Structures are given as C-alpha cells and as structure tokens.
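Two complexes are shown next, each including subunit A; its partner changes from subunit B in the first to subunit C in the second.
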Partner chain A sequence: MGAFKYLFGKEEEIPQGTAAILFGFGSIVWFIIGTGLGSFNAAKLAFPDFVTGNYAFAFGHMRQVHVMTVIFGWIWGAFCMAFMYITPALGNTKLWSEKLGVWNVLTWNVGLALGLSTLWCGMTSGREYSDFIWPIDLWIAFLIVLPTGINVWMTIINRRTQGIYTTNWFFAAASFMTIIVFLIGNLPEFFHLTGLNEAYMTWWFAHNILGLLITPVAAAISYYIIPKITGNPLYSHRVGHLHFWSLVVFYSTPAAHHLMGSPLPEWLKSFASVEGVLILIPAMAFVCNITLTMQGRWRMFVENIEIRYAATSSLLAIPLNMQGGFQQTRAINWYVHGTGWIVAHDHLALLGFSTFAEVSAVVYGMQTLMKRKLWSYSLQNFHYWMLLVGFGIYWTTMTIAGLIQGAGKVFEVPYIDVVIAEHPYMIGRWFGGTMVFIGNIVWLYNMYMTAKSGAEVPEGLLPQEIAYDR
Partner chain B sequence: MAFREYKMGGMFFGFALGFSMLITIFFPTIYITNHGAPNDYGLDKTMTYGHNNGFTYSDPFLKQWHKPIKAVLSKDPVTGQAFAKPMTVYVYRAGDPFPSTITHPRVLAGEGVIALSKSKGKIEAADDSKGAVFTLANGAYKGKELSYIVDLTATRNWTPTQVLAAVPVAQQSHASQGRTLYMREGCWWCHTLLPEETQDWETFGRPPLVGDLNGQSPTTFGSDRKAPDLLHVGSRNSSREWITMHLFNPRLVQPHSIMPRFDYLWGDKDANGKTINYTKWRKDYLEYAAGKTIYPPEVPTPAKSSEASHLIEYLLDLK
Partner chain C sequence: MGLRLDRPLYSLTTHDENLSAQHIWEYESLGGIKENNNPVPAPIAVLLVLIVTTAFMLTFPLWGQRPTAAIYSDYVDLLKSPEVQQVLDNKDLTPYQSDAQAMKLIEDRLSHFPSPYAFQRKQHIMTMDHLRYLAPKITKLRESGADMEQYSIIGPNIVRQNFFRLVDGKIVAKQPWWDAGYTIDIFYVIYFFAVVFCLIKGLPPTSWEPDHTKAH
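The block that comes next holds the complex of A and B.
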C-alpha cells in the first residue's frame, strides 16, 4: 500500500527496484487468479453440471478470461518484473525512471482489471486472443506496453557498459514489436475490416503476440539467469545473434498456418507452412546456446532452484518447437487441427517453456532486489514439482484427448462418442491444472514470507551464494 | 548508442520487420480483398448479420441493440398484392448500421456484383439514419449470371415500418441478434464455424469459400473444437423443439453432453407470459435424473422476444 505515495513522490525518493517488486508480486497474484479460473473452467468440462445455468459463471464467459489473465496478468507482469530488474542490471545502471515504473504498475493493474471484467460480462470483440474490446487494446498498447518500452529503451540508452547484452536486444525489440502487433493486429476492430481479412488478421495477432513477445522475452530471461547463476559465460554471442535475427524474420511470418483449413490463398498457406518449419532455427539456436552454457554445471540443475526452473524451461522448448514446427505442416495439421492436441501445445508453450523461465526470473530477481534469501527452499521445491507434474498431467491427458478427437474426425465417428471417450482425460486435465493452482498459492506464501522474514543477503553477496535457512 | 553496429542493427531490424509485414499483411489482404467470389450464400450471410456482432458503438454491451431483422415477405407491403414467390428481405430500421457490403461496396469483391448492386440495386442511395429494406436478386453482367443486393427502399419506396407490418411477428427472424449472443455467450469456444477443407465435408458440410465471408465481422471460426461444427447446423437438424430442449438442458436430449445449460437465456417469462420457476424445474429435473420420475419436466417455450428465441433463430438460419 505504501507504494501509492511513490506515485507523486520525487524520483530520488523511490527505492530502486520498487516497480520490479510490485510487478513481481502483482504477477504472482494474477497467476493465482488465472490458474484458478483455468481450474474452474476445466472442472466445467469434466463435470458439466458444476455451476451451470448461471450467466456470470458460464463457461463461454470465463474461458477467455483465463487466457487473458495468464497472458497479460501473469506472463506480462513477470516480463515487466524482468525488464525493470534485468535491463538496468545488464547496463550497470539503475532503471531510467522508477516513478514511471510505479505508474506502469498502476496502469497495468487497472487496465487489466477493466479489460477482464468487461470481457467477463460478455463485452468481447469475438476475436480469439484479441478478445478485449478495442478501447482496452489501445489502453494496453499506449498505457501498459509503451511506458514499459520507454523505460527499457531509455535504460539501455543510458547504460554504463559499452556493448548491449543479448537479453537486452530481446527486451528492447520485444517491447517495441508488442506495440506494433497490438496496433496492426487490431486494425479490424479500429477500422471495421471484415470477412476473411478479419479472420486472417485475428490469427496474425494471435501468432505474433506469442511469437514476438512471449517467446523472445522468455528466452531472453534464460540468457540472463543461466550465465549469471552458473558463472559460465554465455556459450556463444554469435548463436545469440542467429537466434535474434532468425526470430524476427521467421517468427513474424507464418501467421496463416493457424488457418490451414480455411479458404485463405494457397500460396499464403504454403509460405506460412515453410516459414513455420524455419522457426526451428531460432528455437534450436536458443536451446543449443543455453544447454552448452550449462556445460560442466549440470549439478546446479539439482542443487539450485532458479537454475532448475530456467533449465527446465529451455529443455521444454525442445518438444515445444518440434511439435510447433511440424504440427502446422499440411501432413500433420489436418489430423490435429482444432483438437486438444493444440490445447496441450499451447500449455507446453505458456505453462511449460515460458512460465518456468518467468518463475526463475521472479524468484531470483525478488531475492536480489529485496536483498533477502528465499524463505523456504522446501516450499519453492514443492511449487516446482506441482508446476511440473501438474503441467505434465495436463499435457499428457490433452495430447491423448487430441489424438482421440483427431481419429474421431478422420473416421467420422459421431461427435458424442468422441465426447464420451474424452471424459477421463477431461478429469485428468482438471486435476493437473488444479495442481498448478495450488502450487501457486504456496509460491505466493513463500514470496510473502521471503519479503517479511527471509534471511538477509549481506552487501556484496548474491542470493545463490548463501545457504537456505529452511 | 554511439556504435555504428547499433545504427545498422536498427536499420536491419526495421527492414526485416517491415518486409515481414509486407509479405504477411499487405500482399495477403490485397489478394483476399480482390479475390472474393460472392454468391447468394455469402450475400445472404452479410445482409442477415448486419454491421457487427461483437463489440461496436451501436451495441457496446452486446445487448443486441440495432440489429437487422430477416423476414419472408409474401405480399406487397404497400398494395397488399400477394407475390407468386415469397421474397426474403433484410430490414434495417432507422439507426441500424449497415454491413460493410453496403457502406463500402468494394467489400463485395467482384466487379460484376459491385456494378449490379450499384446500378440496378441502388445500394448507394441507402441511408442508415432512415433505415432501408434490402433483398437479393439475380442479373446478368457481361454475359454472366450474378447475384446482387437490391435496396428496396430506393427502388420501390418500401419503408422498414411498412415491411415489418406486412410480416407476422412469428415469421421475423432475429438471426443477427442470435449471432451476437453466439459471440457473447462464447458458443464458438466449442462449436467452430469452420468445416475444415480436408475432412469435414461428410460430417459438417462444405467448408466456406472466400466470398461466403465478405462483410462478416467477427468471423469467429473458433480454434478449439470440443463439439460439432455448426456452420451448416440448420441443414442437418432443423427441429426447433430439439434445439430448444438442448439449449435449456443438453442432458435432456443427449445424456453424455458436456455442454453448459443456457436456461438463463429464457428470461423471466415464457411464451405464454407465465413466470418460469427455475428452482422447481431443477428440483423436478434432479428427481427425473435420479430415476424417481418417468418424464422430465416440460421445457418452457421461450418468448419471441427472449434471448433464447433469438439464438435458436440464428442456429436455424445456419444453412
């Protein structure tokens, strides 16, 4: 609550790291809300008479709220935490404007609360991933993303190091690209574009918000955490370059592969499909760079919790990109499109690859900024395993359900038989998702206790260099 | 930022992203806009659904304000003379915004259709502040038979009020309002509106063509199919009774369905003006589900002005 006084305070009076800490705590709270909604929705799919016939809690009103909460609450919040902490750390300087950062926390929380409640009430643009009504889209672009971008760019310009490290290229570029994606992807709403153009632009937005915001920033976090904690220098700056440039070129182009069964022009679908396979270039460059940086330090995967989160993220990027690269080709897409397979793949990207990287950034950054060691290793360990096992159950059950659905549509099985066959997997999905939700509550408790009574990290030492109390 | 490398990097970055936009935004949208092949089917959809079925100025809360009415006209609304063949009309009352196909005829995509709609159909004379009545017609353009849109208010001086007075209320379809509900209630999160081009032909009917979608917004194909595709549901299952029961409580007609109940769309009163007692209905249903009674409780007939009724009209219109 004390943070409100900083909104109108002098820049010098605001302690360094305030914005980052607020973003960190905010993101965990949104994560709990988002996964709670996910668990609630999954319960409705598993047990159809659970809270039903009720306007406010209808599945169709809440499904998109879950998606938007985890993307713009949890993931974006954790990203901002990483921006506001890692960008100055890599520039050997302080954040350009801590005050702007604190205001940014406010606009983010208020904008998100407005967006999610209007969405929950049924005010939607009817466009997947850009479900928010366009005034909220403008709010996000100009009042949430732009101030973050300004802070990141100005911090990088005012850095006290000569070069710019890989992580900061990604941060600066991703915050810029997110604004562009929001403004261009929502053109159908601003200017009422219709028909197939609207459908295509919807998926252009959906593809790029994942490809030009979430994928690069999550990877950039690992580029910082892994070398920082292991003490190994990044394996290759050049491979980092390959990752960056191939991401900008190959990840921004395959939007049409989300609509392979639609009447889009064939040349566009073929082009998108080829570009989709080429995403394997940035993906493999990233995975190789991280795993090679880990050389000789793999015992830290067992001993150090932050490394374990970050390395798990990078390892999950392997199946993620193998799936992603090939499931969009015509040879495979016709079978899995629109099934639970895709839902499993989404969660592999956002709950697997991306979330593990963000948890690592939030856990490590909060300890460094608050100068307090994590309160309980055991509780964080518990969170790791709840997240990993919960996600694992979710991914496995949804992949199986997706293959059943695929078989059902290819062999023209009456749809209700597919629903019956999927039932056990829907229960499994709910169980896995609920594990993640419970784990997150424990995590918030652990972070709260860390802030309150974690062991103090002495001046000149880093959190990973001192032992745990419990 | 004094390094030459960063200047070059910035330029390369701008070039790469700009080139990517050129290929993925500029070329495809130009191509799509010029390759529409509108037909009866697509023109009927755009005229039925109206301007927008998601969030829009005229309907910000998705309360289905300012939506057109589709009706079958069997007599001349002015002279009262019966038609040999009934005529499908799309009634836009004063203040109902027109679809893009009227306000921006270029969206119709197809030289002939645009020319016929402008010259013979006089669509440019339509004024949404006064309202207009539209229909579809066939005509020849450069030797080709094409469908086009006709503004009956401009060509025959029929006003929306006159036309609505000539059609019994029961035969007026609020499919546009129903489609808005389809968005608001999130039906499309499970029921896709896109039979895929590869294997859905037998089960869910023909996939859409480019021209089928002109002027529609949002298109809501859906991506996560957990239930049958509905693009042609009105052709597969046109039983109003079945759809009504299925919406009220899907387990009445399909015990294994995982669809939520949409009984709240019935509102307070049924078609006979009787108050619907939901508590009693659910109690009776639970007894039926437990095997204590033989028949389930009767599903109330939705009032014509209820949201349930509009949604059913939309589903039946999905031919």
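The block that comes next holds the complex of A and C.
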C-alpha cells in the first residue's frame, strides 16, 4: 500500500526500481490467478461433474479469462518488470520516469481487473485472443502499453552509452509494435468489420501478440540474462541483427496461416505459409546465439537457477519453432487444426519458452533491485521443477490428445468416442497444470520472504555470486 | 555513413568508420554486457539455406490447395463413356473392384491427352464414389456455361470462388493455379537477405574480435 504515496510524490523521491519491483510482484500474483483459473478450467474437462449449473463458471465462459490473465497479467507484467529494470541497466542510466512507471502499474492492474471482470460478466468481442471489448482494448493500448513504451523509448534516448544492446532493440520495437497490433488488430470492433475481414484481423492480432510482443521480449530477456550471469560475451552481435530483422520481417506476415481452411484468397494463404516456415530463421539465430554464448559455462545450468530458467526457455524454443514452422503448412494443418495439439503448442510458447525466460528476469531482477538474495534456493528449485514437470505433463498429454482428436476428425469417428478416448489425457492436463499453479504459490511465498528477510547482497556483488553463501 | 564497394564480402564500411565502431565496441560497457563479433557459423548458414529451401518446397506445389471443378470435367465425360459403364456394370466384380478398375481406366485414358490440369489431378486424386456424387453437379454447371476454373470442389459441394478480378462482371484476370503469394514470397526473401547482408557487412569485419579487457 505504501506504493500509493509515490503516485503523487516527486520523481526524485521515488526509489529507483520501485516500478519494476511492483510489476514483478504483481506479475506473480496474476500468474497465480491465471494458472489457478487454468487448473479450474482443466478440472472441468477432466471431471465433467465438477462445478456445474452455474453459468459464470461454465468452461466456455471462463476459458478466455484464463488466457487473458496469463497474457496480460503474468506475461505483460513480467515484461514490464524486465523493461523497467533491464532497459536502464543496459544504458548505464536510470529509468526515465519512475513516477510514470508507478502510474503504469496502477493503470495495468485497474485495466486488467476491469477487462477480466467484464469478460467474466460475459461482455466479450467473441474474438479469440482479443476477447476484451473495445474500450478495454483502447485502455490497454493507450494507458498500459503506451506509457510503458514511452518509458522504454525515453530511457534508451537518454542512455549514457553510444551503442544500444540487442535486448533494448527488442524492447523498444516490441512496445511500439504492440500498440500498432492493438490498434489495427481490433479494427473489426472499432468499425464493425465482419466476415473474412474480421476473421483475418482477429488472427493477425492473435499471431502478432505472440510474434511481435511475447516472442521478441522473451528472447530479449535471455539475451540479457545469459551473458550477464555467465560473464561470457554474447556470441555474435551480427547474429543478433539476423535474429531481430528476420523476426520483424517474417513473424509479422503469416497471420493467414491460422486460417488455412477458410475461404481467404489462396495466394494470401500460400504467402503466409512460406513465411510461417521462415519463422525458423529468427528461431535458429536466437538458439544459436544463446547456446554458443553458453559455451564453457554449461555447468551453470545446474548451479545457477536464473541461468537454468533462461537456458530452459531457449532450449524449448527449438521444439516450439519446429512445431510452429511446420504445423501451419497445408500438409500438416489439415490434421492438427482445431485439436488439442494446438493447445499444447500454445502452452509450449507461453508456459514453456516465454514463461521460463520471464521467471529468470523476475527472479534475477527482484534480487538485484531489492539487493537481497533469494530467501530459499530450495524453494526456487522446487518452483523450477514444478513448472518444468507440470508443463511437460501438460504438453505431452495435450499433444497426444490432439493427435487422437485429429484422427477422430479425419476418420469421422463419432465425437463422443473421441471424448472418451481422450479422457485420461484431460486428467493429465489438469494434473500438470495444477502442478504449475502450486509451484507458483510457493514462488510468490519465496519472493515475499526474499523481500522481507532475504540476506542482503553486499555492494559490488551480484546475487548469483553469493547464491550458495550461508 | 561512408560506403565502400571494393570488397563487399569483407566490409561495406570505410576503414575510418570501422575504427570508430571498434573503439566504441571495446571501450563501452553496456550494463556489464560484452558482445563478440563472430560470423554466422557455417552450419547455421547451411541451415539457413535449408530452411528457405524447405519453406518453398513444402508449400510448392501447394499441397492441399482446393481443386477446381475444371480439372474433373473430363472425368465426367469418361464416366459416361460405354467402356467405363461396362466395367461398372460388370456383375463378376465386387463394387470395390469395379470402381477401382473404372477409375483406373479413366485415368489411363486421360494420360494419353495433354492437359493443363495433369499436375493438379495428381495432387487431388479423385475416387469413383466422389466422382459419382459430383458428376451431375459438374454437368449442370458446365451446361450453364460457367467458367469451371472459378468453382472449387469442397467435399460434396461445388462452390464459386471470388478470387478472380472482375470488371463489369467480366473476368479480366484469373488467379494462377500456383498463385501470386508464392511470387511475393520470393521477392520478400530476396530483399530481406539483401538488406540484412548490407546491415551486417556494415559492421567491422569478422576478422576483428573486440578486446573485452578494456572496458570490463
């Protein structure tokens, strides 16, 4: 509550890192809410008699609330934490405006609470991933993303270095592109576009929220965490260029590959399908750059928790992009489209590749900003394994369920037989997701205790340097 | 920015500008992060070529693109021919055998005549059951004088596409069967690699590696 006093305080009175710490804690809370909703929803699929008869708790009513909570609560919050901490650190400067950052925390939490409440009340655009009604979309664009962008851009402009490190290219570009994606992707709501225009814009939005926000920022976090903690130089500045530009060029175009079965013009689908495979170029550049940066330091994968999170994220980018690149081609899409395979893929992106990177940023950044080392390394280890094993169970079971659904679809197996066949996998899905949820509660407790009574990090040292000191 | 074109594979930047960039690179610490100037590793360059090749190979010849009614028009004529009807009416064969033999006969006949649809027919193999179902619809459509290339086969239905350019109700341009999206991709990839090549060749040459002891 003490943070409210900073809303109307003077800039110089606000301690550096305040906004980042608030975003960090807020993101973990939203992560718990988001994964709790996910666990609840999964339980409804695994145990059909679980909470029935109440419209507000129907699966079709709550699924979107889960999705929007994890994307705009957990992921966006963790990204803002990274923006507000890493951007100034790389420019050898301080955040352009802590006050704007603190206000940004408020607009984010209030906007999200409003958005999720209206969504839960049934006020929805009905468009996947852009489910919020248009006033909330405008709130997000102008009161959440724009202030963040201003802080990032102004911090970079006011940096005390000549060069701009790779991470900050991604941060600056992603916050800019997200505003564009929000304003263009929601045009069907602003101007009541219907039919194919609406379908295309819906998936242009959905694709680019992942491709131009989540993917670049998660990768940018690893570009910071891995060289910073290992002490190794980034393997190649020029591979960073290849990654950045190929991401901007090839990720922004393949929206139509989400609609391969629709009556969109075939030329648009073909164009998107080729671009969809070319997504492997930024992915390969990223994985190559990170794994080669890790050369000679792979023992830190075992010894250092932040490196373990970040490296796991980078390694998960391999199956993620192999799936993403090929599952959208006509040759494969006809089989997996509309099945649990895609749900598994989404979770590989958001809960696997992206979340592991974000956790590394939040864990590392919070320790550095609060100048306190983790209260319990064991609890953080527990969180890592709950996240990894829980996600692994979720991904495996949903992938298998998706293949069953695909077979059922193609061979025209009666729907109820498919439901029966995939029932064990729905239980696995719920079990894996619940592990993640429980792990997150432990993580919040560990971060709270770190803030309250974590050992102080002495001046001139970094948290990882004293991780094992007792 | 200075530009030199005498050794494009070495560097596109003048010697003085390279020296200036090297100085900043070595003497500046970006929040404690260091960066090397390694080239794109050779195996990664090979993978790049493989990815681009795969992207085009996998989407060309557009596996799964919807077939048009035009490519099956000749199937319908042959289905009505006495030879094919004789096979279908042969009571010595099971329905499965007669269907298979009749379709083989149709395909054999078609292979003797050049057709602009030969390639697409191989991509969209027709079964006798499907043909039997579609034949009256294709006949009716043809008798109405419609442009058969403008209609897609979607399961049991024949549906008019709306991808042709029409002026005053007349078709002035048709979507090529291998479509324009593919052409756009070719140019898109070419200009991407051209721009990125210029960008990374504007950096100091890869033969130079920064000395990180100066700023760290």
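Operating definition for what follows: the second predicted complex is superposed on the first by the 466 of 470 C-alpha atoms of A that agree within 3 Å, B and C clash if a C-alpha of one lies under 4 Å from a C-alpha of the other, contacts with A are read in each partner's own complex, and residues count from 1 in each chain.
Throughout what follows, a residue touches a chain if its C-beta (ideal position, glycine included) is under 8 Å from a C-beta of that chain, and two chains touch if they have at least 3 such contacts.
The shown structure was predicted, so the numbers you read here are calculated from the model rather than taken from an experiment.
Once the two complexes are overlaid on the shared chain, A:S273 sits against subunit C while remaining clear of subunit B.
Contact with subunit C, but none with subunit B, is seen for A:S236 once the two complexes are overlaid on the shared chain. By the touch criterion defined above, A:K228 lies against subunit C but remains apart from subunit B after alignment on the C-alpha atoms of chain A.
Once the two complexes are laid over each other on the shared chain, residue contacts for A:W245 go to subunit B and to subunit C alike.
Within the superposed three-chain arrangement, the count of touched residues of subunit A is higher for B, of the candidates subunit B and subunit C. When both complexes are overlaid on chain A, the residue A:W334 reaches subunit B and subunit C alike. In the superposed model, A:I281 lies in contact with subunit C only, and not with subunit B.
Once chain A of one complex is fitted onto chain A of the other, the partner contacts of A:G91 are limited to subunit C, with no touch recorded for subunit B.
When the two complexes are overlaid on their common chain A, residue A:W120 makes contact with neither subunit B nor subunit C.
With both structures placed on the common chain, the touch criterion links A:I184 to subunit B but leaves subunit C unconnected. Under the contact criterion defined above, the residues of subunit A that touch both subunit B in one complex and subunit C in the other are 163-164, 245, 249, 253, 260, 263, 265, 268, 271-272, 334. By the touch criterion stated above, subunit A contacts subunit B in their complex at residues 44-45, 48-49, 52-55, 58-61, 63-64, 121-128, 133-134, 157, 163-164, 173, 177, 180, 184, 188-189, 192-202, 204, 245, 248-249, 252-253, 255-256, 258-265, 268, 271-272, 334, 337-339, 342-343, 405, 409-410, 412, 415-416, 419-420, 423, 426. By the touch criterion stated above, subunit A contacts subunit C in their complex at residues 86, 89-92, 161-166, 224, 227-228, 232-242, 245-246, 249-250, 253, 260, 263, 265-275, 277-278, 280-281, 284-285, 288, 292, 326, 329-331, 333-334. Listing the residues of subunit C that touch subunit A in their complex gives 24-25, 28-41, 44, 47-48, 51-52, 54-56, 58-59, 62-66, 161-163, 175, 179-182, 184-185, 188-189, 192, 195-196, 199-200, 203, 206, 210, 212. Those residues of subunit B whose C-beta lies close enough to touch subunit A in the complex are 1, 3, 6, 12-13, 16-17, 20-21, 23-25, 27-29, 31-33, 35-36, 46, 51-56, 60-62, 99-100, 107, 183-189, 192, 194-200, 202-203, 207-210, 212-228, 249-251, 254, 256-264, 278, 282.
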